[in-house]
């Protein structure tokens, strides 16, 4: 078992290093194939572990070596595979495998093809460390590792230059990468503080030991730890107010968006909350706060997706919105539901993104949906896949999203948090609308792209075969809900719906499906026939507010980045140079000035020397008198 | 009013101060040397007086040696003055101010 | 009697020395100095230091003043020396303050009081004899050193005033550089 | 008149041996000159060194704590140390006469005998506690010194000599007056008696003013000789005008002999816990060190800078004397013993680079710019000079660091913490001007405008002296311990 | 070989002196050979080091000035061992990467002399010996900056020298005062650190001495507001000068805190945690901001050094094993990483003779290897886990968290602000289109640069992943140190604050 664990863990690392060997050489197809295979190996190992666990629900532990052993701190590279981890591993490696294969297509003409695989596999490795670690610091390794890989991949096309926000709201890939990294760092500090608190109060960082001794902590302390850890989660999962980086991260190559910014990395925050469920279960008030924030983010992000014209940004907002759902579930105590939605979402969202990747390729990297339309003719298969994924996302029976999202709504209802339920319900409608707005704008209606002289083409067939697992899972994953629940609740707390909710289930389903379907229909009527732009709407305050992301990026720039830069300049030029350094130089200059003044006395004239000699007698007398006077 | 040691000593102090005044005032080196002689003489008076009043001979001998010293100083000093006069053509000390600062 | 003599001497000496210090005429100045020194020898006689008085007369009023006179002639300083004297206030302040300090020190009654004489010489001898005795016993070494000092002064005087000093070996000005040095410089 | 009988043994003539040797040497040189007048200076140089060598042997073989010759001579550890330093410094000085260029003073055989007379005078200052003898010795030495300076026979040398002489004459007056005050209070000119009488009379009414006053007059006289601010005014000018080795010599020997006198004299006061004198000396020392350092900062000429630097060093060691602890006195001798080598070495490097004509500057012989880029022309001299500079600045592991360390430690031991910190910070000021020379030598480009020949005056004997100085400066760490024990033993044995 | 440490200290001195005889053309090889030999010697030291023991090893004690209690007393423990090794390593790397053409011989000999002082400082157990090396290290550095530096080199060199010199003089008074107190308590003179450790001082004395030592160390570190010499020194120094300065010389200050301030003055150290921590916080936050404002890459790294040193100081004053061991480890990692970063800046400086960011852009395209290594070092600098930078920073912050969570959170912003300025450098220099035509054809790293940098990359990763070989001995010695402090502490506050780790009592002795 341990061997399997190590295979699953290290195959991506090997893949990354292998690809790195070729990082500076010409494109080498071998790299892509080997990398994909190795990730595939990792997937097989993960899946095997999952099945193994399904039969024998005992978590697997492995201890690789010591890491930081100082004082009372004893942190090892320890790994554990339990139910939650197994699910995460499987999801991660599955999506990764597909993305790796897909990247062979997507990056085929990129001159940094080899480098790309190196980064991508490194990401998978980091993600595996993140989910498999058996202690918080190990998690932190992965946590930062995925951050760096995300930084590398978002900024993959580093050679693009900075644009203004009007031209490109993300400014440039390297800018977006830095933004993502720095925002994550802010959150990481929270996580780190949480880790410190755990260490100094419990003396260990291993999950098992920490959660076993939670009763030693006071309530306040637990709340503090819970909040600190959640701040970490907020960054990684791009929750408000640290959300802006996610949309900008769409500057990365699309496979990256699919893998990192939809399926895996951004769910790390959710994973952390799920992992720390014993903690959050004891502090329901924090959980409730998480749920409220998640709910808010769900509708907040969905609202921005409503009007955005950028193909990938819409999906990014949708991701954000779905992460809100997951947090809502986790915050309300339904951890396995959150995990379930996490997995389902990974499949259909990755699919959606990869489909969008096909579109982008076809459109020569044009992302404005207003310039597309009618692509169904050229790209039938992509239309099918994206349509499926969008249906799943919208929560239409019998696709995966239906099961997972509906359960979340049920949970919200069950907890009597009707406000949350209502917002999430509303969001479900909005989700359906923007998803299909996107599908229809891209694939149906008039062929606006022709105006721009673009000749779209469908992707290779093998690409669709490669994507098939995701498509299939997006369709059928929901049917495994019961099995999943049984499996996950071996580890996670069982979530019981009340009787009342059981009675209401059907009504809820109908209500939810109804709003989803109406969203789809609305989109259909508005966009399926072709794009009719209404300047009045587009100039309205609400529209501009939404399309400018509530002006939050601009706010951040004006309220944080610029003042920080100005302050830095002041610190340097006004304080460091003019005060601190000038003081030092001033002392030196004063001394030198003193020398200049005192050498005036040495005027070369013997007569004044003799006067000084006489004055010296008076001086020593005065000193003597002063000495007497003082004592 | 009897004559006490203090009388002599005060005289000596005053003469010494006169010597100082001369030294700090004079710009002609030769005349400046006169003033230094006054200072040494003032000290001599003090030594001789103390010596006499306490009946100890050391003071007188000190004065004796001071006289010898003064004489030697004059010899060397005049030698220097001659040297300088030959080079500079003046004894005005305001002229010797090349080195300063 | 002694008191009167002292006061007369004191006033005269002070006056003469003031003339020495203040006079613009070097001749006056020197004459006043010589006269003052003679009078000081008078004080020595009053104090019973006969030998000292004699030496004062011989050495100071004789030798030293003669030297000065020669020097004065050499320097052609008989005419009024034009001095840009220092600011009077400063001189007055400095000398006045030092006078205060010195008088404060020397006017203290504890000077000379309650002191046992240590070096007295054999009893019953007159002053020159006693001096001689002490000089060649107790103060033999200072005496010898003083002899050396006089030798030094003599040599110094000879060297400093000699013709050999007229042309310096230590100083060469660039326009009169000897050949070899010019070569080296290139 | 009864004949005076004196027991010959009680004279203890041996105590006089070092001085007599020197005197004899001086007279021999004079005599040789009389007999045959065209002999070379090398002969006189060698004779002088030999004389000094014997004198050094005689000094070191003296028995400690003896008095001789009617109590006028006092041979204690301090006087042995003082004499030893005087003689060693003189031995280092005299080979500097053998330069490649001819300089005026060394063409006189009398120079060497005058020099020995001067040493003779200084020896008496160190080896006596009799004010008369000290005074006579002081004058003998001073008069010879004035002459030696003037014999360099440049315009500046004359100016230097006359300034020094005039101020010296005035200072002599102060010495005499101070001695008179002390004599008036004690009836003695011998310091052991003076100390005893002070002790007895300390509680007399009104004694404090003349007691302190006498000391203050002596402070003026001593301050002049060891060049404390504000009695220092002659120092930079005289050093500049005098030849470089003479300047180096003046920064050591006259000072150390006067410091010994100061030690003996002020030691009496400090022994009696008269804090006023301590305060006065320390205040003067602090002023001296600080102001001299500040003025040295702004100098353009290296020799003048070194003049100011030696003023500040004098101020620094004076504190050690004012502490009145065995450690303080020992540290003083340690410091000066080490300072002697380093400082003479530095001045000798200047001497090596002496030109007869001024090409670098109208007034200065050794402006900083002359040394620009010296590392490229003569790396070894540059490195050695840098070592001297660093040593003067007190950078370990060079010799003066140990001196500084020990003096600072002595200050700290007496709990004058503030003074210690001021002195330490003064080192930081001081390093600037030492560094300035190093910067010129190592880091500035060569001055091509003129003056390529920097070591016009180079000669083997000079190199040997520099070599010895450098060796002593660099290897200090190995001999500090025996030296320190030696000094501490001698100082301790003298009851300080 | 019992006197290996002596050999280690003085081998470069001897080699440096012999270096004068070596021909200019072959001096580079000579320098590399000597530095490599020295490095191997230091590795041998490590190999023969008993990693389980906490105390001083390879101790040699010879009387130097017994009259005054000064000995030639050297030894290393876990704390100093690795700093010594780092010194020899960075010297080797510095010499390997030397790109200076003129006066190469002087440079190499100077570097060897500098190495003597560096090793000496960290191996000294006698305070005067320590001070001796400490002060003398300024001289070669002065020469390096002054002779091979940029346009304002003289100002920078002299400022560096005098500033540091002034601080250490105050420290010297502190040392002497301590020796005096030692003498008055025990009646003997001693400057041996081990003797001093045994001395209990009243709180007042501790306070004064603490601040006296503090000033000396703080200027060296350099701590705010004494830091302004550093940007000049770095800005003007040649590459190798910056490398050594940042990697080793700055560490002398923080090493001083660990070796002197804490164990000698435990009560005062505890009492003044807050002011020290506040200064450290200013260093962390303020200098990070200043770094962000810089336009010169080298200045960014210079200021970033100050910022990181703030974390080190903070960790030192955590008063627990985690923090102190972390800060010691951070010294090593900062040495390696900042050294490497300065080397990297030197690479482009050699090519373009400018270090201004606006002269670059898009370098990742023309110099991919260079960009990769720069990126790795940047990540190490911002404390990415599995690089060497993380371990120390994490431990330091974790350690100080015990003392004050709030301050730690503020200090923790270093991980954010560090990312801000370092990523800005990366972005401006390496990313975006190539704006200057001549940058298109800049050659990538050449052989000697790779030889210098690749080992550092390897160390960065190796010690990031498996720090135990280094951390273990540090841990042992730190435990003993903390134990000692705890035993010495007199005030209640100190007793409480200095936290001995649970399993240290057994191992300490």
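Letters A, B, C, D and E name the chains as they come in the text, with residue numbers starting at 1 for each one.
In this text, contacts are C-beta pairs under 8 Å (C-beta built on N, C-alpha and C of every residue); 3 or more make two chains touch, one makes a residue touch a chain.
Keep in mind the model is a prediction, meaning the values are calculated, not measured.
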Neighbouring chains shared between chain A and chain E, ordered by label: D
Chain nearest the overall C-alpha centroid of the shown protein atoms: E
Result of counting contacting C-beta pairs for C-D and A-C, higher pair: C-D
Distance between the centres, which are taken as Cα means, of chain B and chain A, whole angstrom: 96
Gap in Å, rounded to a whole number, between the CA centres of chain D and chain B: 26
Whole-Å gap separating chain D and chain E, where each centre is the average of the chain's CA atoms: 43
Distance between the centres, which are taken as Cα means, of chain E and chain C, whole angstrom: 67
In chain D, residues with contacts to at least two other chains: 132, 136, 139, 143, 146-147, 150, 155, 162-163, 166, 170, 177, 180-181, 184, 187-188, 213, 216-217, 236-237, 298, 432
Chain A: positions in contact with at least two other chains: 588, 599, 602, 604, 606-607, 610-611, 614-615, 617, 621
Residues of chain C whose C-beta touches two or more other chains: 86, 90, 94-95, 98, 101-102, 105-106, 109, 111-112, 115, 117-118, 139, 142, 146, 149, 152-153, 156, 159-160, 165
Which chain pairs touch, all of them: A-B, A-C, A-D, A-E, B-C, B-D, C-D, D-E
Chain C contact footprint on chain D (complex, rising order): 1-2, 4, 6, 16, 23, 69-73, 102-105, 107-108, 110, 113-114, 117-118, 120-121, 124, 130, 132-133, 136-137, 139-140, 143-144, 146-147, 150-155, 157, 177, 180-181, 184-188, 193, 197, 201, 204-207, 209-210, 213-214, 216-217, 243, 356-359, 450-453, 456
Residue ranges of chain A in contact with chain C within the complex: 607, 611, 614-615, 617-618, 621
Residue numbers on chain C that touch chain D, as the complex places them: 101-102, 104-106, 108-112, 114-118, 122, 125, 129, 133, 136-142, 145-146, 148-149, 151-153, 155-156, 159-160, 164-165, 168-174, 177, 181, 184-185
Touch list for chain A against partner chain B, complex: 599, 602-607, 610-611, 614
Complex interface listing, chain D residues touching chain E: 390, 395-397, 401-402, 405-406, 408-409, 412-413, 417, 420-421, 424-425, 427-428, 431-432, 435, 438-439, 442-444, 477, 480-481, 484-485, 488
